[in-house]
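Here come two complexes built around chain A, the first alongside chain B, the second alongside chain C.
So, the complex of A and B:
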């Protein structure tokens, strides 16, 4: 066993103390505060009043924007996580084959992960500008287009762009995780499969996929959390305009709490989002863990 | 592996050769198909108060048709057409008026051969591509006799070099064709249309002359400049198909210098995919780079056709420093450094206990650590800001530090625990037998050995805190306390965005973290898998 003898029984807890203290104060307390606030009356100035039961939840759900925002959140999470997992998987498979310049290609694919989302979102905001954006410039220069295209013609298209940027910034992380999983697969499995006469698809479904599943699970769970909580992309590109049509839950919550000063419904939304996230991520983790055990 | 027979090699080589010849045939065919379409309005007549079919319309139409016929006499058949556009509207008195605009339009498509024959500068690229291809094929055939049944490794040195040279030439042709559309746009927009109003230089006059002969069939006369200014153009799919054709030829040539055609083709596709991927991923960074060093006027130039800024405006850097960017960077450094320090000071003991000690509640704590990753700070914004008000840490960098440290605890403990578990505890046990305390053993023995893992964690937390945006926007209201991610948003106000300053500062904010990330990339892969999968 990799353990060392401990003389006093309470010693391990002393070692954990700083970490537990830090997390209790700055993670657990805010959660408790949000739960408490969601059941209390809050004035515009932020003064916490009496207990009002589910009134805040009723107000949040009764808001006209609520249904649309929830739907947007669903589209946003499913499309960004789903598509970027697929693309990231393909990219990782490609980068796992041997070719010249592989190391450089890997670094290039993965490094955007270290760039701030605000910065990435700002760049794309410039690129898709109708009047002087670089995308139109490039396409016009190459002669693909006769006239500049308005890439932001409607809010639906803007939302698709936001999802696209979301995918663009998420792919590096998936690639990163899957690549780590792929590298840990022993070549012997593939050699054995080749001897048994397995083709590309059989190798993919019977060897690669089962063996990278733990990595895929980690990256998918983390991505669901990150993407759900992703704020800067939508806030930078549309700010949820027009009329919350491109808002996801997180940006809507921010607007509600800090622009409209409706902190009551905002905390109710926080609780709803928090519970949703716990349920979804917990379910996914449980399902994939169970499969792993079989 | 058994060596392939001479017959098999022969068959392979013939297949590769056929691929080259087919690609050549395709290329020559594509050269005779339209590469660009051009549209020029030769003559415009507007007839007011006219309704389709009435007397004035017939009169005007006849006049325009006559003009068109005159133009058509000088042009190839079916290129001159008359377009009419009818605008109706109801005026203030409630009467419907209508205006008909007639345009005699010259619509023509030009093949690659036309470009070469025109003597225009971008046509030279196509000529070069053609010459490269021809000489590549020439060299290939010159080296061919008597080698069809040999593997490339058995070739004599000069013949081997001949094959290599043909590959290089084919690659050169590929590059030439790829650059051609860019050069054409550059020539037409920058060198010709943008300069038409300027005093004529000999070079411009020559260009106008050639373009007139090319596009107007030499009948522009005095109006040449005006007509050329109205030219619109558009590349066709045939032009772009030249690229795959050349690529196939290149693959065939490489296959002749290697083993099998299918293998070479799949390699070619692989490289193509990787290159495309890298280009797409680097594209936003390229935009950031060129936009950060352009002048304000140029960032919002609709017709900006250069690859790089026409003038690199380095003074953008002093400008943004003047606007407080150094201060923001300093805040970010302080914030991330502090957060990293706190996260490590709390995380190392916890990870140590998790990896080395047995105690009740260990699993619960691990579960709590994993669960706490789910608690992203954004959903808890309202709670955090209330807490900060209560603690008096609102609008302070210290508050941000603590928040970032707390929300990075999970990852820090995860990564550190993975590192510690992978190091055998024997050394520490020996140290404690020698009378070293647990703290001493950790400090003198384990930490030096775990240095790579600790550096990885350190950089990871640093990057996360550096890039954090949302909490900082909410908590920090004093301008000079803002970290860089929030600070750069001051360049984009509601009605005006100073793109050049925004991107110059974004560049300054990105470079350090990207460099740091490059250091830990490899470590992080093993750290995440060992910490994550073995749980």
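So, the complex of A and C:
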């Protein structure tokens, strides 16, 4: 083996080394520590004590808020990922057609994604505020309303608003993933389909969908992870109140760790969340890849 | 050329990791201060004291002691402190509200180890008594605030009602205001958020002869008086007398509504006038004692924060470290520094030497100081306090959703007394 081929063989690893090191220090190492902590006794002040097996997991699951929080998390992930994927797909199809001002429309779509989530959530907080919110003001001034409406009348409605904000900020990401996929489709496929007499729906289901599936898979898997771990929207709008009714797993475990000072159960919950995410994302990828092979 | 640049970069990174070691013989104290308001950071580390910072002035006056002082927001301070403790990197001096967990886990130094006697004797004895566990004082008070009821005088004149002193009068006043303004003005402010719902519990329980603990200091959360108190507070919400979302509208939201004339009455801290002035609100208001139940004594709520010193067994010269901590405290509580600090955010002092200075500058302080004398404080010296604090908030929020107050408080009591 000559020196050049040795270099070729090792060079990629050399270039990857910095990011591997960073990942190890800032991602893998902390994950391992959390796993270790989840089996340890942690005092309220934060002192890490002895190994206590599954006690933290038992305490976390036994908490009366746990079941409701898990259900909220399910609603949150399914509705935000599902609806934003649907809307994002439609927006991408629209932006992929030729029309005047398409570039401007594309940059407008990316705005919600380019703004920080805390700012987004705070602005929505103002918009739907009952006492001085913009939504009431606009509707009252336009004459659509006679009296101001309390847009946050119950926690169920507040949670729906939170899902709505989640969808609003997630749509651009889906749109641009799908748009990238759409642009890589050769026009010849559509021309051939037209010649064969296919209409809009046939082209959509038989040409477009199969060809953008890889981009959709990527955007969905990433979105499941992002949305599951999303913290700022719920924390800014309701902080999980009243009594954990609007908490998802991530906001709940934060409150558990840093408000209730119950760090043991909180680390156990984050381990449960991590495993859940791995399973869900893994399953989704396996299923969609198997379809690709057919 | 690129190789040279890479080498330089690598060296720079390594050097910056090592950090800058202090000059030999110097002691550097890690200090964490909570951010009380917009001026805190500037006062401690910026240019808030005649163009200089507290740190600068301290280091000039105390050669050999350096401060690594960080101002942290209340939202982050618990996270930061517990993370630092978990990593074996606790601060030397910490300013926060709670201390019991740190003390019972053996992380704190007793105050007598580092606090000079003259300074120790300057603290109000009733304040010092709030930081005692097992006959040892573990922290010193840094400042206090007292709660009072504020009411919008214009609204009261317009509706033609008297300021309520009892719960029955309060309900009548709420009804009158609600009817008069047809819902445009909320009669009563209620904050049962995770930020400060425990204060709401105290406002009602302490004004119904209830409270967190019984006469012998044991948890008594499910007493009949407490059940009645929480039911009364939640009843105000259910009758439509309060702001619409007590579980998510914080004290600051209420203060803003009060400033804007949308809220007729609110219980909040003695800093409200400072807050309203800073935000340019021009509402006319008066203060009164918190309304109490018929036949029960009126109880004021006081809130106190603390300064404490953590152990550092690895430090070679413990005596020098203790002395440095003492120097920090002595400098902080000196009238020149301390009166500026307390009055800047509108707080009440914790040392008697500051009183005459503060009253001279603002005669209205006198009234608050007498309120402070009769204040009750949270039982923060009990190790279960954090559970109780979060627990009563959870009870309140569940009660707002229609939960059974008695059952919720029974459950909390059983959990805490275990």
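The definition used in the following text is that the second predicted complex is superposed on the first by the 279 of 294 C-alpha atoms of A that agree within 3 Å, B and C clash if a C-alpha of one lies under 4 Å from a C-alpha of the other, contacts with A are read in each partner's own complex, and residues count from 1 in each chain.
The criterion applied here is as follows: contacts are C-beta pairs under 8 Å (C-beta built on N, C-alpha and C of every residue); 3 or more make two chains touch, one makes a residue touch a chain.
Quantities reported herein were computed from a predicted structural model and do not represent experimental measurements.
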First, second, both or neither for A:259, with chain B first and chain C second: second
First (chain B), second (chain C), both or neither touched by A:243: second
Partner chain(s) touched by A:43 [first = chain B, second = chain C, both, neither]: second
Partner, of chain C and chain B, that touches more residues belonging to chain A: B
Contacts of A:119 with chain B and chain C, given as first, second, both or neither: first
Touching partner for A:131 - first (chain B), second (chain C), both, neither: both
Which superposed partner A:180 touches (first chain B, second chain C, both, neither): first
Footprint overlap on chain A, where chain B in one structure and chain C in the other make contact: 46, 131-132, 257-258, 263
Residues of chain C touching chain A in the complex: 78-79, 81-86, 101-102, 105, 107, 193-194, 244-245, 247-248, 257, 260, 262, 383, 386-387, 390, 394, 397-398, 400-401, 403
Complex contacts: residues of chain A adjacent to chain B: 1-4, 6, 9, 11-13, 15-23, 25-27, 29-34, 37, 46, 91, 94-95, 97, 99, 101, 105-120, 122-124, 126-127, 131-132, 134, 137, 140-146, 148, 168, 172, 176-177, 179-181, 183-184, 214-215, 218, 222, 225-226, 228-229, 231-232, 250, 253-254, 257-258, 263, 266-267, 270, 273-274, 277-278, 281
Interface residues, chain A side, partner chain C - complex: 42-48, 130-132, 150, 152-153, 155, 158, 237-245, 255, 257-261, 263
In the complex with chain A, residue positions of chain B that touch it: 36, 181-182, 184-186, 232-235, 239, 267, 270-271, 273-274, 277-278, 281-285, 287-288, 291, 299-302, 304-305, 342, 345-347, 349-350, 352-353, 355-359, 362, 365, 368, 372-384, 386-387, 389, 402-403, 405-407, 409, 413, 421, 424-425, 428-429, 432, 438, 441, 463, 466-467, 469-470, 474, 485, 488-489, 492, 499, 502-503, 506, 509-510, 513-514, 516-518, 521, 524-526, 528-529, 532-533
